[in-house]
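Pasting a structure below so you can have a look.
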Amino acid sequence: MVTLIRLADSATYQHHRQVVERLRFAGLPVREHGPHLLSVTVQVAGDAREPADVLANHPQVAEVTHLSVDHPQVASEAVPEHNSTVTVGTTVIGANGFVVIAGPCAVESRDQMLTTCHAVSDAGAHILRGGLYKPRTSPYGFQGMGQSGFSLADEARAETGLPLITEIVDVRDIDDLGDHVDMVQVGARNMQNFALLRELGRSRIPVLLKRGLAATIDEVLLAAEYLLDGGNDQVVLCERGIRTYERAYRFTLDITAVPVLQERTHLPVIVDPSHAAGATRWVEPLALAAAAVGADGILVETHCDPAAALCDGKQALRTEALPGLIERLAVATSAAGRTMLPQPERMSATQVAAAAG
Amino acid sequence: MVTLIRLADSATYQHHRQVVERLRFAGLPVREHGPHLLSVTVQVAGDAREPADVLANHPQVAEVTHLSVDHPQVASEAVPEHNSTVTVGTTVIGANGFVVIAGPCAVESRDQMLTTCHAVSDAGAHILRGGLYKPRTSPYGFQGMGQSGFSLADEARAETGLPLITEIVDVRDIDDLGDHVDMVQVGARNMQNFALLRELGRSRIPVLLKRGLAATIDEVLLAAEYLLDGGNDQVVLCERGIRTYERAYRFTLDITAVPVLQERTHLPVIVDPSHAAGATRWVEPLALAAAAVGADGILVETHCDPAAALCDGKQALRTEALPGLIERLAVATSAAGRTMLPQPERMSATQVAAAAG
Amino acid sequence: MVTLIRLADSATYQHHRQVVERLRFAGLPVREHGPHLLSVTVQVAGDAREPADVLANHPQVAEVTHLSVDHPQVASEAVPEHNSTVTVGTTVIGANGFVVIAGPCAVESRDQMLTTCHAVSDAGAHILRGGLYKPRTSPYGFQGMGQSGFSLADEARAETGLPLITEIVDVRDIDDLGDHVDMVQVGARNMQNFALLRELGRSRIPVLLKRGLAATIDEVLLAAEYLLDGGNDQVVLCERGIRTYERAYRFTLDITAVPVLQERTHLPVIVDPSHAAGATRWVEPLALAAAAVGADGILVETHCDPAAALCDGKQALRTEALPGLIERLAVATSAAGRTMLPQPERMSATQVAAAAG
Amino acid sequence: MVTLIRLADSATYQHHRQVVERLRFAGLPVREHGPHLLSVTVQVAGDAREPADVLANHPQVAEVTHLSVDHPQVASEAVPEHNSTVTVGTTVIGANGFVVIAGPCAVESRDQMLTTCHAVSDAGAHILRGGLYKPRTSPYGFQGMGQSGFSLADEARAETGLPLITEIVDVRDIDDLGDHVDMVQVGARNMQNFALLRELGRSRIPVLLKRGLAATIDEVLLAAEYLLDGGNDQVVLCERGIRTYERAYRFTLDITAVPVLQERTHLPVIVDPSHAAGATRWVEPLALAAAAVGADGILVETHCDPAAALCDGKQALRTEALPGLIERLAVATSAAGRTMLPQPERMSATQVAAAAG
């Protein structure tokens, strides 16, 4: 029972205060999400006056919408075109162009990181990926290079001019990571780590929020709502496969989640075909499916030498396979009425140094 | 622990008997699947002599393959090119061309059936669908026209010259249906109705076998094995969504199942986007994903007037939407290295009369 | 939007017709489920007059109940005490006593069947089980003795005086089975084999309906509704484990389904711990949980020599373990306010000969 | 490929070093888990010498065990009797006695907390529960009293003399919580928050680790391994329902997980029937099932006034219902060969002040 109130573009701060006061005076609990967006949540319909009645004829109220959901800020209706974009370095996710994020699962060594990132850049990808901290099911698995990999992240960004995304696993690492990467990823296992979401909401670093492995669509949206409610609206959602009874592959890629999420939220939605497949030979078909279904991009694990990878080598694409995949992705995405995003202008040294923070 | 023995193309019946006898003499339980295909199943490795050793140097033995699976006849290795085709009327499924099967969920009336089928045919589809018997979760739901719809099936096939597929729900209906349709569908809820599979295995009518709503890939293959083991090799598999915890749509389309099945079996694999989506607006994106992932075709519910449909109207595509979809499917399937199948030559009156039986 | 109308015990056939006519006259589509039970189903509320208004003050209308469900006959509200019983031979399921059904998964030989059944009978069980037709995932698995086991079924019943339950897998076997067993089981894979349910609804043989391995509670109830709608109210439901992502055991026993089903339907609810566990050592703890949660009984696979079993030997209880289990079940069921059912009077030769049919 | 080496009780630190050196000298990567427990993990069998051979005849090596699992420290084989206990205040979990942990979902007010805790204590429960920080799916839900509830926790423990457990949601709260509670709970959504597990492993506070809502048995054990690997062996596991397709209740209580976990790990295993049920009326049957299946205890939400609860009131047991439940639990647990644990000696003021830390 959330009512969303969008003010006219011409509304001033005065108008904003006026509308808030009028709602408060009517006993309605109003939340302010930004200069032009307010919401009212009432627990039981009929208990309270209708916001639409309270605001009737107010010239600066552009729209009053009832939501049947509990996530007013991520809901499509919260933004004018029902669509928002997220800027990562010089790349924009969520406009009409399909975005390719590629790179190794984990940063392992200078040689592996730079070789892979150059190949990824040459193939036409838009954003680099590379894990510094790895959440591992077993305490005895390789946990990532951590801080000792920061300089490799810096170098990869400086050499290619492409932005970099890495996973965050500890709420205490936000500031450090903000100095070395352009976007942080909240992994599936941390999608409901609310302490982490709260802190990321307070920061301004773009966030890639992966769907938890048994999270419903609603729970994904509510997790994103934590970020927006904190003030961070640079959020991209990522479908990466859910856990089902089937074990013939690693996770069940929920391809339907893409159009469903795109309908319910203005946030961009991308797909990670690698973790779902769990085997290199199925990554390409899943990536093509993601493009054809209308996703805003993919996040794909790519390695210069998958056989030697310390983490998830079984599902990594060889860098040599990336150019051909991107060509075929351009075809598939066109079936959905989109185009492949041209590679962005490379980041300048200043942009690299400035990082996301 | 199944060993598959493929004989040379030149092998005669004499050679066949020879090989069988040699294996039996060595104490190995041999099964004969056809003139050129045998298998040996042993429960515990090491208990028995190796078929390869027993048959060493036999000039008519083309190949001896160990399978780690229990379904020797549907396994890819069971046919020379790891690929088989199924002929439905004048349409061939499983060659390089993408096949579109379209029509109403249920045959409801002469007007609805013929209007829809003509539109489907004009749009460029290859096979008609239309349910005569409907398996319904509730005993009070519309259960299909049954035998009174046979003449409408005849008419639709005669008027369009396209073959027709319908669902079978009762083992006692096989003969009747064989006179009026070109292919029968075993629905998700009957995928492990082994009595039905046994009888269909004994018949020669092409079968579309839908994946059970919680069936593993292995179980789908074993259900198909029932059909092939009975002697019917005209079998197409169909992914139609599995049941998971997610309820934002009807079923979770397991898009990964397509490449996985194509790897494990020589049988064609198509996708039903309608039952997975459960809502018309998601049918097209899922259909495009199916084409891009490399499926051999789709089965899509289409209705001339979805709002008036007696069954599954919420997920039916309007017939008007079909031509545009088929155009975009052609683009998406090309990303996967396939082409849209040209519409087949129309069936002649004799072919229609002869039906599948 | 089902409204259930229960007539007073004193209502005559005249009254019954009167009520039906009054509803029909008001344009309401009435169904007659029995001399004292009617229902009205309307698709959209508000479209039609309220049955309660139509029947206001009718002296022979005992109760008018609105159901939010689509299965009026299995709903608790359909019977006076919200509880019905099912009589199998001389045993009554669903009264306060806990019932133990035990015996081998499959009838394999005279020796195995009789040895096991005598032991089961001596241990204090109430009903024998033994599969004559086995639905097997693979076409190459042991499919049961079929008709050649009928005489062993006869012998086991005659020697022990206990009733016998067996699984039915083919709609064409109903009459045959009715001559040799006291109850038939519809297995998980056939729970939505509606052709089979329809025929069993027309028969009068008691039916044990197992939950499908991905069936919702609602689907179980609707499957049972097929039986009752056909006229057969001798139906027992059986929770036997559902398919989930967990593979540490065979199926996830949905213990919560027991109180949920008992709340929603008047039919008795028992539990099969054997198929859920998939391993003998977990059968006893699950059986005890079933008793403590308040189930009406268990169905447990028991074998005189599990290591030699042709089917499911890994999960069979040794017959020697049964007396101890039954003792502990008596304690566990008492925690739920029930008692262990005393062993029934043995069936006489006439009863055995008469069988269920 | 983990080999576990247990030293004799009589082994000194010298012996320990000797064994470690001998293994290292043989090129085997040895881990030291404690004075009497070592492990060797090799990636590929056959690559390395056998630890058993290397240590052959060493008089202080009590046992060399091969594990097929990757969690040597939580594995049953890691402790002499395959069973360990956890001490929370004056209560011991994991010995033969069944333990009842009860109290409100969230601490809401002084009155609510003390009234409920006194009632829980009088009813015979062993440990209090009460959430100070609540992980909530929505950012707009009640998030707990936080630090302002610490004094209420202190008071409840002092007044009843019973230990208290609360949930931890932020890695930065460990020290604070350690001063006010006797055990911390890692909730289902944080089961794979590895940063949190690592820090808790470094602390010495007893931990109740709840199973993630889609975690496999193996993943639960590996999450616990993080704690033990950090040095904290005071760990209790808790089954609380998994997410499946069924929505008739909140989560599917995986009752089978109890005996399976008890077989694989020496850690105590308890059950939370409240979150699984999601409705008060199913809590008691599930609690009884947990006792009969052989669990070491239950964690049950209890509230003095469920209708007024700020959190999960729909599933809370009224405090008045607790004494009757505990009586019936005593019967059910006896079916599994256990007894209800007598209430512990109350904690003294010093113990309360000392807290867990």
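Per-chain numbering from 1; labels A, B, C and D assigned in written order.
Throughout what follows, a residue touches a chain if its C-beta (ideal position, glycine included) is under 8 Å from a C-beta of that chain, and two chains touch if they have at least 3 such contacts.
Since this is a predicted model, take the numbers as computed values, not measurements.
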**Complete:** Shared touching partners of chain A and chain C are B, D
**Asked** Count the touching C-beta pairs: is A-B or B-C ahead?
**Response** A-B
**Message:** Based only on mean CA positions, could you tell me how far chain B sits from chain D in angstrom?
**Reply:** 50
**Request:** Find the geometric centre of each of chain B and chain C from their Cα atoms only, then give the gap between the two centres in Å, rounded to an integer.
**Result:** 34
**Message:** Taking the mean of the C-alpha atoms as each chain's centre, how many Å separate chain A from chain B?
**Reply:** 38
**Request:** Could you check chain D for residues that touch two or more other chains and list them?
**Result:** 214, 243-245, 247
**Item:** Complex interface listing, chain B residues touching chain C
**Value:** 31, 41, 70-71, 135-140, 169-172, 189-190, 192-195, 213-214, 219, 222, 225-226, 229, 243
**Item:** Parts of chain A lying in touch with chain B, wherever the complex brings them together
**Value:** 214, 216-218, 242, 244-249, 252-260, 263, 276-277, 281-282, 285-286, 288-294, 328-329, 331-332, 334-336
**Message:** If we count contacts the way the header does, which residues on chain B are in touch with chain D in the complex?
**Reply:** 243-245, 247
